[in-house]
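Heads up, there are several structures right after this.
In what follows, chain A forms one complex with chain B and a second complex with chain C.
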Partner chain A sequence: MKTKNNILQDPYLYIFIIFLVYPFLPYIGKYRSVGTELLIWSIFALSFNLVLGYSGLPSFGHGAFFGVGTYAVALTLLHLTSKDVTISLILAAFFGGLFTFFYGFIIKKKRGIYFSLLTVAFSQILYVIGFRWDEVTGGETGITGLQRGGFLGIQINNPITYYYFVFVLFVITLLVIRKISNSPVGKVLLALKQDEKRAQYLGFNTERQVWFIFTISGIFAGLAGGLHGLLHLSAFSDTLHWTKSGDVVMATLLGGGLANFYGPIVGAIIFISAREILSSFWDNWLLLYGLAFVVIILFIPTGLLGIVERIREKKHFEQFNNNRNNIGSKNTQEIT
Partner chain B sequence: MNTTLCLALLFNGIVLGLIWSVIAIGFSLVLGVGQTINFAHGLLFTFGAYFFFSISRNTSFWIAVIAAPILVAIMSLFLEVVLVRRVYGQDPLFGLLITFGFAIAMEEVIRMVWGKAAYSVSTPIFARGQLILGNFVYSRFRILLALFALTILLLVLWFMSKTSFGAIVKAGMFNSEMISALGHNLPLLRTLVFVMGGLLAGLAGVIGAPLWSIKSGMGTDVLMPGFIIALIGGLGSIKGTIIGGLLVGITTSLAVLVIPRFTDIIPYVMLIAVLFYKPKGLYGEVTILGEVRE
Partner chain C sequence: MDLLRTENLTKKFGELIAVNDVNISIQEEGILSIIGPNGAGKTTFFNLLTGYLKPTSGKVFLKGEDITNLAPYDIVHKKLSRSFQIASYFPEFTIFENIQMGVFNRLGYSYNYFANINKLKDVHKETEKYMKMLDLTEQKEMKAKFLSHGDKKILDIAMCLTVEPEILLLDEPTSGVSGTESTKVFNFIKNLSKKMKIVIVEHDMDIVFSISDRVVVLAQGSILADGTVEEVRKNEDVQKAYLGGFTEGGYEDAISGKSK
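Right after this comes the complex of A and B.
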């Protein structure tokens, strides 16, 4: 009985079902590319939250690793193989991981403000390369006109098959990241977030854990970037710009990545939908985007799921209190 | 021919470095005393340039020189009191994001008010003409602007090393909690320093307006060199920031000779190189920015 309840209470199930039936929903189901975008941003936000929410490392340059994935896909499709995207996607994840691996080596010792500023600086280096290296990256005009082809022989050319292709990868990502955050490594990272010195005194090599989680995060960010490139069949350098890194931070914070594992997904869904809707009819939508940051930081720093969590805790607490008051003398022994 | 080119680039580098230093000092003061990454610093710079442009067109050049930075300082006072004050002492990402969000929103306001087109400020009559040294020709206005920037930098240097308020600010960059333990009003100090940073950003905007085209994104372009120089020079050291600014400015400018297309990358590479070997920056003595372990 208890296990059955747990399965029903697992948000994972609902996320799975919603995304599974999304293309067949009335009114919104026909916007398949938006649905795909939501899945891709969910992957990206989940990977980012390993760094921000789990380890408490204030990265502000994650857009760069997303962009690296996009360019990896675009360049392999242009120069290596245009029929099959398997290698491209593997390379996207690989390069996302490779860049974070090297960068993690430099940054693993830094914390706090230095960490933020150095991640910004690094993403700018990649941006300048992407923006100026015309021969390879197409410079300002970027790379356009790619072909999606197939994945291991399965055709993913039409929007709905591509949607389900991304959906499968999303589910895998979700499972892997959940596995990692529930693993001993994830626990050490939580300890690091609370008090790094204490975690070190307990004998954990926190620098190596930071390096590790940064690399894992980069792998999935690269994958998300690759999928994004395949969705729009193009790659542009402005995805690498540091101001673009605000998008994923916004998605993660808005949903409540600091408080809940599923926060980034909720945030990505709300943020991307709002962006798609607002930007289609309002030129100055960035005004709201900027103000949203201010409102989130001032009023709901733990995000939407943070509020839910707080209400739930309050309920638990009240229930606990009620139980304590209601318990008669005969049950006291059972409790103690 | 080659020497004159090099000389011109060197001069450009010095001008660039001086302006960047003015921006970097403001950023560095807020970073040190407020322990906040002020990503709206570039926005304040942009507002300085726009105010200067609008006021000088409608009234006179000199009124604009004085009024624009003051207006920006008032704006930064508003920004500090309403928003930034609430995130002191919290996760550094919060300060970064709240100023970043404010900057994005206000940049959009600039586009709504002044439009998307870029503006330029014409050279005032007294500053027209060229400086001619044999083969070498250089704009007199640029030199005057550089001297203006240098004057500001020297004034800040004097202010920080000779006045008692400057001493408190410097001490605040080393250990801001100790400041309040010694009986000084830390919140007031932080507000004053933030306004001072805003004033410097506004002054930098006045200097930058005639040099670059005035557009809403100009602040984002100078914010990056600004914080890089603040970190390269080292927090708590005005001298370090000025030297760092000149170093980065001149290197970036001269890099045109070697890697013409990738000059923008120079400041970042220098930052990573400096922080790798000297985590506190060239002249920095402060390690309050999180734990910097060597």
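Right after this comes the complex of A and C.
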């Protein structure tokens, strides 16, 4: 049972409250699409972190699955139904999952640099298709002029209702991914990140675990992409470009996804704020952002929330350092 | 029936023949040690038995079933487990969590995405059982990376036990472990041998000759000798291979100290 104190210490509570009241905050609240973008990027980064932070697999082409979701929404709104986005969003998640399911099967045995390069290659293949296949994707000009309509009859056309619509999906995503990370599978992923051979010799089919989590990650990435398409009411091939994947990698690392569950959200907040605030002052804002990234990663390799983990670790070590020499001193005699 | 059997097992790395046409039958009781000079193919042989490497030719049978081309995780499910030369465990996990991993798998939670791990009573109970066996209950919340080297080795072996093996393969369980600690590891293994078949690859001759029921000597990938401790000790080929190293004090002491 959770005590009252535990609930108050749960970061989830504060994230929930901040995003719930965001549209009514002074100064920043009126930039609703920025808030929506923040939520969408949080969904994307959280899903991505299942692969990077939990399983330790450096997927550098995750933007592809985000882009697949965007195009799924754009194409269904264009050709199937323009009144309601329900089917579009389901298809966005479905195709995100379908692509990762097939591609995950191909690359599930690859690790390290090979895994990275294969994911980048895949995103570039999709990018070229998106960029060149004029008849379907609109090529360079993309697909524009979409209508949001409603979701199951609820109008989500104006910015504030859309914000809360995305907020609900964000909360669901957060809860589902948190559930997974606290499940036996979450532990298996962390284990295979540390020592895959060991995990295999405990009987875990780590390749299949990688394949499945890659697929789950793709489902949420596709959903995020679909929501992004609905926010801007358009789809462009640059969402498939590998630099888009780079954005989510940087955000997740910067926030501390390697060390903390909430790291990706912190990273998404930093990335979107930097983009919105810095870019209004200077066109070359990426230079500053890049510099900040280098400095932070140099000093805290596990990202901003890595500090929290570092403090925890220090306490942990102090707690056990005193008696570590006594450990297991009698442990061999009593086994029989 | 033989517990584990190899049939013309051969592994080539390019021109080098690491394991050459090895036929061996492992019966169900006691401790079997595999020894041999450096580069004799001991670890390669182990890796072939456990599916970590695929043989160039030949077959491996576990309880009569061909396991040659099975993946490690499938072989583990057939009740074969192994430890590693360099202690292998999850450094960022607590000792409890390390042990818990094997229990998860055995109790069928490998693909459970929604259960809260802290509320799985059967896993908890089972893990506690192993913690008690290891006498590590007080330190169960400690991260495994803070353990001493010898305890890491024991943790590695304990993790193997969580899959409830019938045959346990230990790759140099005392390598890099100091004298007193190595006795500890060694007693631990000896106790285990009452419950399951144990196969050891080991450098330390004192240990090998004092605990083994059967010794297999590998040299250049082939079996040089196979028999009881006495037989192997008297074997001239073995003595040549070790250049008389056996006649030094430690070994003789080990033999004379052995009571059966």
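Criterion: the second predicted complex is superposed on the first by the 304 of 336 C-alpha atoms of A that agree within 3 Å, B and C clash if a C-alpha of one lies under 4 Å from a C-alpha of the other, contacts with A are read in each partner's own complex, and residues count from 1 in each chain.
Everything that follows uses one rule, which is that contacts are C-beta pairs under 8 Å (C-beta built on N, C-alpha and C of every residue); 3 or more make two chains touch, one makes a residue touch a chain.
Worth saying up front: this structure is predicted, and the values here are computed from it rather than measured.
Touch criterion not met for A:Tyr14: it reaches neither chain B nor chain C. In the superposition on chain A, A:Phe204 makes contact with chain C only, not with chain B. Shared-chain residue A:Phe105: touches no atom of chain B or chain C. In the superposition on chain A, A:Phe60 makes contact with chain B only, while chain C stays out of contact range. Look at A:Trp282: by the touch rule set out above, it reaches neither chain B nor chain C. Once the two complexes are overlaid on the shared chain, A:Asn182 sits against chain C while remaining clear of chain B. By the document's definition of touching, of the two partners only chain B reaches A:Val128; chain C does not. When the two structures are aligned on the shared chain, A:Phe115 is found in touch with chain B, with no touch to chain C.
Touch criterion met: A:Leu253 reaches chain B, while chain C stays clear of it.
With the contact threshold set out at the top, not one residue of chain A is in contact with chain B in one structure and with chain C in the other.
Residues 31, 35, 37, 83, 86-87, 91-94, 96-98, 100-109, 111-112, 220, 224, 227-228, 231, 261-262, 264-265, 268-269, 271-272, 275-276, 289-293 of chain B are the ones that touch chain A when the two sit in their complex. Residue ranges on chain A touching chain B, taken from their complex, read 52, 56, 58, 60, 106, 109-118, 120-122, 124-125, 128-129, 132-134, 196, 242-243, 246, 249, 253, 284, 286-294, 296-298, 301. Taken together, the chain A residues at the contact with chain C in this complex read 179-180, 182-188, 190-191, 194-195, 197-206, 209, 212, 216, 313, 316-317, 319-321, 323-325, 327-328, 330-336. Listed in rising order, the residues of chain C touching chain A in the complex are 50, 52, 71-74, 76-77, 81-82, 84, 88-93, 97, 100-102, 104-106, 109-118, 120, 123, 133-136, 138-139, 142-143, 146-148, 151, 154, 159-160, 162-163, 184-185, 187-188, 191-192, 194.
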